[in-house]
Every structure is written in structure tokens, then in C-alpha cells.
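Several structures are given next for inspection.
What follows is a pair of complexes built around subunit A, which joins subunit B in one and subunit C in the other.
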Partner chain A sequence: MTPMAAKRMRLRGMVRKESLQILRDPSSIAIAFVMPVVLLLLFGYGVSLDARNVPLAMVVEQADANTASLIGAFRHSEYFDPRPFENIQAAQKAFDLREVFGIVWLRNDFSRRLLSQGDAPIGVIVNGVDANQARITEGYIQGVWQTWLGDFARSQGVELQVPVVLEPRIWFNAAVRSRNFLVPGLIAVIMTLIGAMLTSMVVAREWERGTMEALMVTPIRIGEMVVGKLVPYFLLGMGGMLLSVAMALWQFDVPLRGSFWALTAASALFMLVALGMGLLISVVAKNQFVAGQVSIVITFLPAFILSGFIFQISSMPYAIQVITHIVPARYYVAILQSLFLAGDIWPIVLSNSAALLVMMLIFLGLARRKFHKRLDA
Partner chain B sequence: MNTLQRVLALAIKELLAVLRDKKSRIVLIGPPIAQLIIFGYAATFDLNDIPLAVYNEDRSVPARELVARITGSPHFRLITAIDHDEQIAPLINNREVLLVLHLGPRFSEYLKRGKPAPAQVIIDGRNSNTALLTLGYLRTIFTDFNIEWSRQHGLRGPPAELQIRPWYNENLLSRWFIVPGIVGLLTLVITTIVTGLSVAREREAGTFDQLLVTPMRPIEILIGKSFPGILIGLVEGTFILLMAIYWFEVPLRGSLGALYLGMFLFLLSAVGIGLMISSLAVTQQQGILGAFLFLVPSVILSGFATPISNMPEIVQQMTYVNPLRYFLVILRGVFLEGDSYALLFNQYWPMAIIAVVTLAVAGWLFRHRMN
Partner chain C sequence: MANTAALVFGAVSKTFVAGGMAVQALDAVTIRTEPGRVTGLIGPDGAGKTTLMRLAAGLLAPDAGSIEVLGIDVVKQPLLVQSSVGYMPQRFGLYEDLSVQENLDLYADLQGVPKRERAARYRELMHMTGLAPFTRRLAGRLSGGMKQKLGLACTLVRPPRLLLLDEPTVGVDPVSRRELWGIVYRQVRDEGMSVLLSTAYLDEAERCDEVILMHQGKQLGQGTPASFSEPMRGRSFHVSAGSIGKRTLQGRLSAAPGIVDAIIEGEQVRVVTAQGGMPTLPEALAGIEGLDIRPAEPIFEDAFIATLKGGQAAVTQPVADLATRSVAAATDDHAVIEVKDLQRRFGDFYAVKGVSFRVQRGEIFGLLGANGAGKSTTFRMLCGLLPVSAGEVHVAGLDLRYAAARARGRLGYMAQRFSLYVDLTVLQNLRFFASAYGLGRARARQRIHWALDGFELVEYANVTSGDLPLGYKQRLAMAAALMHEPDILFLDEPTSGVDPLARREFWQRINALAESGVTVLVTTHFMDEANYCDRLVIMAEGEVLAEGTPADMKARFRNEQTPDPTMEDAFIGLIEAHESAQQGSAA
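Now for the complex of A and B:
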């Protein structure tokens, strides 16, 4: 047998062994196929930054046509669910009990000041605990106010004098649907978990069960062992990945404006990084307990918080921005958000893919180096 | 030996089992502290230094003044000034800038003639939340500019003005919202890691059967097994709490007792779920898988980053079995809103029920799940 043929045979044997192991313990298959579907369904619907029907307490101290038109403007907005309250005390009580998110308060001189001096105050209190939600709600309230101002001026037969008008055009996501950017990000988070979980325990398990010793006495080389362990999991992971992309497109109606091939290539690269990370964990830990702990700690929360999936990286302090560079999901999120929403933006796709490639080489290289065929190591 | 002695012995043994291994000790202590610091700074929705390009075709004074107002704001940072339409797309596409402000050549002419002068803003919508917040910052600057311009030129301003006041977090600092959340997040992760594998590991090693044939009753095993999770959770939770108050300077306005009652109930329910997962699992791999499957949704669907009220009704109902959901309300309520026991009652009892049910199931599984 030539050395090449022997190598092929050993590799084939290893891949076959790992594949059988996967098939016999269905939990790996569940991780690769069931988990992305369940998580993406749950999070795709559950994670949203678009507020709808925000409950607002409406306190009108003296009702008339003007207050009615303003309240009507809130009622017509899809963002609000206005609820009338007798007086400010009652509204505040509901506010304290978190029954309403904010209060709109029109005092009894509202109409008089509106018509005579033209400086009628619209008192608004919002719950600022969730600062992001409060800011978004403020924006919606301003929108309602501006619409109403225009209507009011028209009803008075005057032109509303606005010196500068802001004309925003939001590219790539004109409807400002948060799902369009969250779902691609979620794919990155979920795939990080799956990649790491699939492999993080496979080597540690061999050590603990003692089957590593059996592997050691075979002529298999370390490199072949690494490749042999990766191939079946890579195929599984890619299956889960395709499933997720299909769901993003057809279940969540996220547009895919870039090319499918760029997406597949970048995903394959990322899958290898995630698997490599898991493999490295399991090689270093040599103990399923620790491998499991480590993979929970270093995969999920960093991918969730430091990847740019939900929190903008450019707003983080500089030192933290530097740290985000060691989170592989960061690069994949950037690629996915651009490929899905903007198209094949090659400078972004290529630079982030290059970073992923470097990470893949580091993880797999380290895993191979730390992987000893010795008992005492 | 009486019950107390037996429980104590088991509790100490369990604690040693967790802390004995050096790697395991490092995992339990190092990452939570590092993550608290990193996430405390990283997890913010507040935007600053938003990269901006200006395309100003009107060199007049008012146009320059409007531009100066925006570039002078701490939220924006001028990257470049451009002078062609074609320059816009590459800048936005490649994410070099988040927005381009475009003032046409007749901007000041319109402004002076009292016609609405358009200021076009092109925003990268790939992150729609960032786009909306950016728009919000811009609106504030534009409104101020308009009010001042109207006053200087004797124009009628809008007849009614909005006076928006945020309560509890007057400056709308995202950190005040996120950092108390991190207390809950990390406590949950630690507790789940400590308890999620404790039974599965013994089952795999065969020592759990030995434990079952000792004179210990399931309830005693349950208490002993819960002990390390609760103790480590309380210690690390307290540490993170102190960091939130003294390092991140989030104001603590309510009752500390109410907070700790919440933390205790939260830990009980988290330990209950952890032990339940652990006793269901036959192998450690299944234990880890279970811990992950519990942890990930309970973090993402807790209201930590995105509000529960935005979720569809059916997903909102699922969050009722998530203890983190209640603990986050308690944390934020006590920190920012100054809540005390009475206002938080509706958060306490669901956690107590979750704790009782999951602990009971875990105790039952000890004996009834044998293979």
C-alpha cells in the first residue's frame, strides 16, 4: 500500500468512526438540525426592537376639539395604545405599576395657549429605565406631534412654518424592520453555539472514556485525527446553516441581496472557525465537565454581546472594540448583515473573511499542536 | 447522624467537587469578572462618534451653522466632506460612515424665503435600531436649530411644544439599564454551570448510585446538591452587585433587602432547573446540551436586551416560566425605580413556584431515573 493510500484509508476510517458515533447518539443530530430551527423560530419572533402598541396614559384636563384631535393622532399611530385617565394622579399610579410606559398630559389651559399665545405645552413622561426603548418611543411621539401640527395648521388655514425639514432616507431597510438585521445576526450567534457544542466535548470524551488510548495505538497521525473529527461535524453544521438561511429567507422574509455563493463560502469558513474553537476547547480541557463549562462561558455571551449583532461596536470604548476582534462572530455578523441587506459589498466580505481565515488557522493549528498522542501529556 | 449533619457533609462534598479542580475554579471565577467589566462597557445602545460624511453644496452661513451643530455634537464624528453624489454609495456601503448629510445648493435660499428647506439624510439601515437612534439625535438638533432660527427671524414657532421628561433614568443612559441586567445574566450562567452537570457527572462516574444507597433521603440529597449553586451564586452575585454600584456607578435607589429576597428566590429557581436538567441527563454531554438549551433562550427571551413587550403574544407567554424575566424586573426596579417589597410581590411568587416545582421534580428524578 502506498503512503497516500494508507493515509486515505486511515482518514476514511476516522471519518467513518466519528460518523457512526454521531448516528448512534442522536443528540449531535438534534444539535445540528433541530436546535437552529427551534432557536431561530423562537428568537426570530421573540427578539424585536420594534415597539408596537406602546401603552400610553392620556390625561386631558379640559377636553375640547383640539385635545381630541391630538389624542386622535396618537390613536391613529400604530405605535401607541392610548388609554384615558381621569387625572394625573391616577395616571401616575398606573405608571408606577408599569401598566403604562408613558403619560401624555394636557393641562386645562392647553387650548387657550394653543390658540392665543401659541406656546401650549404637551407634557410627556416616559419610563426611562430602558433607555433604548425610551428613545425610540420619544422618536415616535415626535412623529405623532409633527403630523398633528401639520393637520392643526391646515385646520386653522395657516401654513406651518418649518425652517429646515429633515428628509431621512434609510438605505437597505426602508421600513426599519429590526428583524431584518436581527435574524442574520441570530444565525451567527446560533451557529457559534452549535459549532462549539458539536465539537467541544468530542475529544474530552475520548480522554475520559479511555478510548483515546485505543486511538493512540493505531497508526493514525494527529493531523488526520483532527481532520477526521472535523469532517462529519462540518457537514452536520453546514446542514444546520443552510436550514437557518432558508428560514431567514422564507420564514422571516429577510431579503438576500448578495449572492448565495458568497454566503455559503463565508458560512463554511465560519463553521470551520466555530468547530475549531470547540475542538481546541476539548483538546485543552481533556475533561467534559470543564470543556462544557468553558464552551458555555466563552461562546454564547461574547457572541451575543460583543459581535455587533445587537450592540453597535463602533460605540463601545476603544479598549472593548479591540477585544471584539477576538470574537469570531463579529466578522460573520458583519458579513451576514451586508450580504443579506446590502448585497455583495466585497471590501466588507473579503476583509472579514480574511480575518475568519486567520482565526481558523490559529484555532486548528493550536488544536493540532496541543493534541498529543501521549498519555502523560 | 442526624439530618443536618448528613446534609452538611454532602454540601461540603459538593462544594469541594466544584472547587477542587483548578480549571473548573478558574472557569467559575475568572470569566464572570472579566465579562462583567467587558459587557458593562460593551452592552450599550447609546451611540457616540457616529461616523458622518457631509455633502454641503451651499456654502452659506446658515448651512455651515447647521453642519457645525451636528459635527459639534458628541454623538457625531465628521469623517469626510464630499462634493459628488457618486461618493455617497461607497462610503455607506463599505460602512465607512453611518450617514451622509446632504444640503442642496439652494438650501439657504429656501430658508431665507421662508420655504421649508430640505436637509437630506442618508442613513445605513443595516442596523435598524442604530438608524432610528441616529435619526432621533438628528431630530433633536434640527428642532433646536429651527426654534432658534424662528426666534431670530420673527417666525411663528409651532403652536404646541413637546416637553418630554424621562423618569428614573433622566439622561437615558443605556448603561443604567444594562448593568443591573448583567447581574442577573452572570448569576444565572454561573449557577447553571455549577448545578447543570452535578448529577450527570456522578451518574456517569457511577457515584450517584452510591449516594442513593446511603441513608440520605432524596430531600437531603436535594438540599446538599443545591448548596454549592446557591452559595457560589450569592457570593458572585454580591460581588457583581458591588461592582455595579461602585464601579459602574448605577444608582441604587430601592431596598437592598427586596433585592436579596429576589436574588435568593432566583437562585433557588435556577438551581432547581439546573438540577432538573442534570438529573434528566444520562451523560455529561446531554447535561451540557440541556444547560445550553435552557440558558440561551432564557437570556435572549428575558428582556435583557430587547423588551418582552415587543414579542408576539405566544412568545410572551413562554417567558412566564423564565426566572430571569422576574429577576430582571426586580433588579431594575430596585436599582432605578426605588422599588420595595410590595411593588415586587408579583415578581417574587412566580419564582417561588418555579423553584418548588423544579426542585421537586429534580428530587423525584434522583430515584426514578436510573438506567
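Now for the complex of A and C:
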């Protein structure tokens, strides 16, 4: 048999063995297919960063046509669920009990000042415990107020004395649905899970069960062992990716504005980075429990927190922003969000892909170098 | 090339650093084995056998010295060596979630066996190992003996020029062991293979062409088994006495000057003397009525013990008296342990099916069987650690189904693996167990003192338990199990992995305990240890095959060919009878 034929035979043997083991092990199927579905459902339906139907206390000290019109404006907004209160004390009590998220306070001189000065201060209190929600709510209240004030001025036959009028346009995600950016970002988390965590544990398992020792005393080369391990998990990870994309498009109606092929290519690249990390961890850890813990801390959590998947990187402290550069998921999330929501923005796709390519070479290279056919090295 | 040595080690040393302590695993080992022979690597745990195997397989690099395998320098060309040898690690290297056939396919692919040659080779291997009916079964569902044979088949899928087998027979039943040896010799004969095989069973030395004796990283000798045992001629004796028990006789003999070793073998005591001839026995021994001393055929173990002890007395100090009180003599003939039709199911698998036996007070009672025979499961039920699926268990007169906790207060249990806290010191472990058993302050102090003294642990009192040598760990575990002076002591595989010297010492302690009235239940897969028991049951596949004294068991298999059957012969006879009965009922 020629050396090439022998090499092919060894590779095929490894790939077949790994594939059979994946099929026989319910936990790897669960991580590859059940976990993505659970995470997608959780983030697609459960987690929402939008303000919608926010309960708002409306305190009107002196009711008249003008206050009724303003409250009507709030009622018509899909963002608010206004609830009338007699006085500020009662409203505050409800606020303390978290029955309402904010208070809009119209004092008894509201109509008088509105008519005499064309403008009147309204009191706004929002719960700042969740800063994100507070900012969004505050903005929406401002929006309703400005719009109503403009309408009011026009109805009085005067142009409103506002120096600059903001007319916001929201691009890429006009409906401002947080789902649209959470779901694509989640694909990065899911692929990290399959690529790094699953892989790190299955290689460590061979060390633990003593099969690695038998494997090493065969003609197999380290490179063949690495490739033989990577191929099945690469395919498994790409399967998880396709499943996630399908759910994003058809279950959550997230648009895919870029090309599918660019998405597949970038995902394949990121998959190799994740596999490289997993392999490196398991070569060093050699124990399933340690490998699992390490991969959660150094791959899964950063993919969750530091990738820009939920938390905007540009609003992080500078030091943390610097750290995010070594998180591979960061580059992939940037690509995903562009491809899904904006389209084929090649400068973003290509520059981030280049970063992924460098990381892939580093991780796979390190794993290959650290992986010896020796027990004491 | 024909005369290239199979394996050459030139002054090879290897040190491991573990927990800040350097352990010298191999110390300037120099060996040379000729091709086409079976070489046994014999020595207790910690002798460096596995390290030597791994070095030969290129899995480790030596700190110093040179290694050549089949004329190839392993350090320079490990891959070439790995392509020429077959290596079976201790756990057989099987994928338990793959079937027998899939395991074979994998190794055939890795070893580059051409497709057209496979069918014939598979057929031959499956026939040889008897695995042919099980090719579709998952490897994890095979019995220990079958796993071992599958591991061997995978290593042999492309006949290697050198076969390295690391403790292939540990914990495997004697029938499978015998079959494995058959396969190994067939490979040597048919394929001209060279074999290096390590084992902790001293009786297997006799089956090798050549033996390398190892102890604590040092090589003590190399030669044919006879070259070890022959010089012992005139130093090995069988001693028996009609008037006193064999255990008492053994105790007295091992304390006698000029005697290196005294062990129970069958119904007599095997004695190895420091010099040729029997030394003059002290008064107490010489006067025993019916004392009979006859020269015995020397065996490898005699040489092993004599070499290790280097002519010292049997035990440097007599084992301190362990008995602190004598258990009240039995006033009735009620059994201390009574097991009736005991069953344990795991799903639809019967780990124990219909086991019954009775144990009398002060007896040493053995459960003998291979790994997976149901010994440990039976034990755990007797200790109240595992609920009984069906049947009755009475321990110390208490029904375990209703009074497990009270029964547990009366018994001590030493688990198969070292189950003490490895990061506590010896003293801290003993204190913990004293409080766990609820001993009062004064009594705890007294018992800890007793344990340190009686088990010679005083100088190790402040050593972290994990760092103790294996033999001392076992002493500590036994001391902990005895802290509350139990009436019954359960020992699960106490001597597994312990070197022959520590095993001897251990049995002396057990004898002393039994003499003081403690009932001892012990499981073992060492056939020769069955001789230390008063009575025993032999188990296989969750069933009791036979119950009786060791002499009874062996007597059943006495015939023309084997006038003096060993325990192993009896065991194999029982297993074979059991299997043919099963086939008979299945047909």
C-alpha cells in the first residue's frame, strides 16, 4: 500500500470512529442540536431589550382638555400603558412597589403655562435600576411629549419655538426589534459551544479513558489525529449553524440582507477558530471536568459577554474594549450583524474575517504544536 | 537482521515529579530481550513496569540511557517504532461506545491493513478469542475477560513484530487468563512475534520464556524462570502439623529464626529458609505433635521473596497484637452473617442472583471471583450501602432491611479503592474516623494510639495520606475500619495492587484479628489467597458456583492428571462446568 493510501485509510478510520461516537452519545447531540434551539427560543422570545407597554403613572393635578389630549397621546403610543393617579403621593407609592416603571406629573399650572408661554414643564420620573430600560423609556416619553407639543402648537395656529427639530430615522432595524440583533449574535455563542466546549471534552475523554494511549502507539500522525477529530465536529458545528440560521429566518423573521454564501464562509472560518480553541484546551487539560470548566470560562462566557452580542463594545470601559480584541466571537458577531441586518458590507466582513483567519492559524497551530505523541511532554 | 534484539535498554533512568516530590520510576535499567520469545516483566505495583512499557512504546522519553526496539532508536524515531509494535495499555484501549467490529475496523484502518486481507484476519482473530458471536455488541457491554481479548485482537489486527502487553491479566478470571496465554504463545509460534508482558501475578512468571524481575524502579535480575527458582532448591519446604491449625502454624513459623517466608499453601505451610536446609526450629515449634517437614519443588515466588528480603527474617517485627478485647464466645451456633437468596438488579441486569451463604463467628470467609462476578455488589448489600432487590440478609442478628444503621455500627468496611481523605494526614484521618464512629474523647485517644502502634504508623502520623506508599495506605484504611472495634470486618479486594511482601503482612494481621474472634469477610481475585480463608464461595456472573473449605473445593477436582489441584484448577473446573451447564440448558 502506498503511504498516501495508508494515510487516507487512517484518516477515514478516525473520522468514522468520531462520527459513530457522536451518534452514540446523546449528550453531544443535545449540545449540538437541542441546546441551540433552547437558547434561540430563550433569547428570541424571552429576552427583550425593547420598551413596550411600559406601565406609566399619570398624575394630573388639574384635569382639562389639554391634559386629556396629552394622556390620549400616551395611550396611543404602543410603548406605554398609562395609568391615572390622583396625586403624586399615590403615584410614588405605586412606583416604589414597582407597579409602574415611571411617572409623568402634570402640575395644576400645566394648562395656564402652556397657553401663556407655549411651553410647560412636565415632571418625569423613571426607575433607573435598569439603566438601559430607563434610558429607552425616557427617550420615548420625550418623543411623545415633543410630538404632542408640536401638534398642540399647530392646533393653536402657531409654529413651535424649537431651535432644532430632531427627526430620527432608524436604519437596518427600523422596527427597533432587539430580537433582530440578538438572534444573529446568538449563532456565535452556539458555535462556540459546539466548537470549543464539545471538542475540548471529547478529546479529554480519550485521555481519561486511556484510549489515547492505545491510539498513540499506532502509525497515526498527530496531524491526522487532529484532522480526524476536527472533521466530524466541524460538520456538526456547521449543522448547528444552519439550524440556527433557519430558525432566525423562519421562526423569528430576522431578515438576511447579505449573501448566504458569505455567511457560510465566515461561519466555517469561525468554526475552525472555535475548534482550535477546544483542541488546545483539551490537549492541555487532559481531563473532561477541567476541560469543560476551562472552556466555559475562556470561550463561552467571553463569547456571551465580550462579543458585542448583547452588550455594545463601544460603550464598554476602554480597558475592556481592548480585551475584546482577543475574543474571536467579537469578529464573528460583527460579521453576523452586518450580514443579517445591513447586507454585504465587504469592508466589515473582510476585515473581521482576516482577524478570524489569524486567530484560526494561531489556535490550530498552537494545538498542533502542543499535541505530542508523548505522555510526558 | 535476524539476530537483532527485540528490545534493548541501556542504563535507562526516568524520574517523575509529582506534587513537588521526585519519584525515580526507573533507575539505570539495562535489559536485552531476544526475538521470538515471551519475556515477562514481573514486579509489584510501583516497580516501574508501566513506565518501562511506555518508554518502549515511545510514549515517554528517558532522562538518561538509550532504548532500541527492533533495532530502531525509540527516542529518535518514535513513529517508526509505533508502526512496528503492538501495544495494549492497562485498560485495553477500547472504545466502549463502539461495537466489537467497529473497534477492529478502527485499528485495522490505523494499522493500514489492506481491505482484502481483513476478512481472513478478522475470522482468525474472532475464532482465536471466541468473540465471533459478539461482533455487533458494544465493547462496553463485554465482560472483563472478553474486553481483554478484544483489546488483544485489536493490537494483533496487523501482526506486530513486538507485542507490548501492560498487565493484560489484572482482574481477569483465570479461564480468560489461561486463554490469553494460549493466544500469546500461538502468535510467537505462528508469526515469530516477540512479546513483552508485564504482570503482578508471580505465578505467571513460570509461563514466560524469560523473566525480568523489577522492584522499586530497579531491575533485580533477568533469566529463565528456572534460573530464579533453581538456586532455591533445598530452601523450600512444605510443613504441616495435624495437631494445630495451619494459620497458627504459619504464624509461628514466620517468627522462627532462619525462615525468610512462610505462607499458607493449600493445607500446608510453604517455608523458604535463609540458607540451604531447614534450620533448627525453636522448642515451641519442634515439639508440635505430628510436625511434618518435606522438601518442596521451588517456585518463582520463593526466589522473588528471598531476593526482595535479602535473607532477612520473615517479618522484621512480630505484628503487634491487634486484639484489644476478645469478642464474647458464641453461645449458640447462630451465624453472624446469614444471606438467603440475595438478589440485586440494575435495570434488567442481575448483578447478583440468588446468592446464599452463612458465616460463623471468628471465621475468615472469602468471596472469590473475577472482576464483575458480583462480589463487590454483594458486599455493598451486606454493609447496607446498597438496597437489596430481593432476598434476606442478617448481619449480627439484625435484618438489614429494617436495621441497616444499627448493623453498620457493628461492622467495619474497607473499600476497594483507598477511600480515606488523601489531603489529610494519617493522624487527622484517624481522628476523623474516631469522631465519625462517635467514640468518646478518652476512647478515641486510646484507639488512635492503638492504631498508630498496631499498624506501625507512628512515624507516618503527620504524613499526608495521599503521599503514603501503597502498603501503608492499606494499613491506614484497615486501621480506620477498625476504630470502633467492630465484630465483623468487610474487606473488598484489600490486596489488589499491593506487593507480595505487604500482602503477607496483611494476611498476618487478618489472622490475628480472626484469632481474637472478629469475623472477617474478604473478596479477592487472587486464587492463592483463597487458601487463607476458613471457608469461601466461588462466584461467577452473580451466582455462587460452590461453597466450602479450600480443601473441599480442591478435592473435587483431584484426578489422575492433577493429583494436587490448585485453587485455580478448582476455579477453572467450576467455571467450565457452569458454562457447559448453561449451554446445555440453552440448547
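We adopt the following convention: the second predicted complex is superposed on the first by the 366 of 377 C-alpha atoms of A that agree within 3 Å, B and C clash if a C-alpha of one lies under 4 Å from a C-alpha of the other, contacts with A are read in each partner's own complex, and residues count from 1 in each chain.
Basically, a contact is a pair of C-beta atoms (placed from the backbone, for glycine too) under 8 Å apart; a residue touches a chain by one contact, two chains touch by 3 or more.
Please read all numbers here as calculations on a predicted model, not as lab measurements.
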Subunit B versus subunit C as contact partner of A:288, first or second or both or neither: first
First (subunit B), second (subunit C), both or neither touched by A:21: second
Which superposed partner A:145 touches (first subunit B, second subunit C, both, neither): first
Contacts of A:369 with subunit B and subunit C, given as first, second, both or neither: neither
Between subunit B and subunit C, more extensive residue contact with subunit A: B
First, second, both or neither for A:154, with subunit B first and subunit C second: neither
Residues of subunit A at both interfaces, subunit B in one complex, subunit C in the other: 25
Touching residues (chain side subunit C, partner subunit A) in the complex: 16, 54, 57-61, 78-79, 82-83, 85-98, 102, 105-112, 114, 151, 154-155, 164
Subunit A - residues contacting subunit B, complex: 25, 27, 31, 35, 39, 42-43, 45-52, 54, 70, 95-97, 101, 110, 114-115, 118-136, 138-139, 141-142, 145, 149, 152-153, 160-174, 176-178, 180-181, 193, 197, 200-201, 205, 285, 287-290, 292-298, 300-302, 304-306, 308, 310-312, 314-317, 319-320, 323-324, 334, 337-338, 341-343, 345, 347-348
Touch list for subunit B against partner subunit A, complex: 21, 23-24, 27-28, 31, 35, 38-39, 41-51, 66, 92-95, 98, 111, 114, 116-133, 135-136, 138-139, 142-143, 145-146, 149-150, 153, 155-170, 172-174, 176-177, 185, 189, 192-193, 197, 201, 284-289, 291-293, 295-297, 299-301, 305-307, 309-312, 315, 318, 332, 336-337, 343
Residue ranges of subunit A touching subunit C (in the complex, touch as defined): 1, 6, 9-10, 12-14, 16-17, 20-21, 24-25, 209-211, 213-221, 373-377
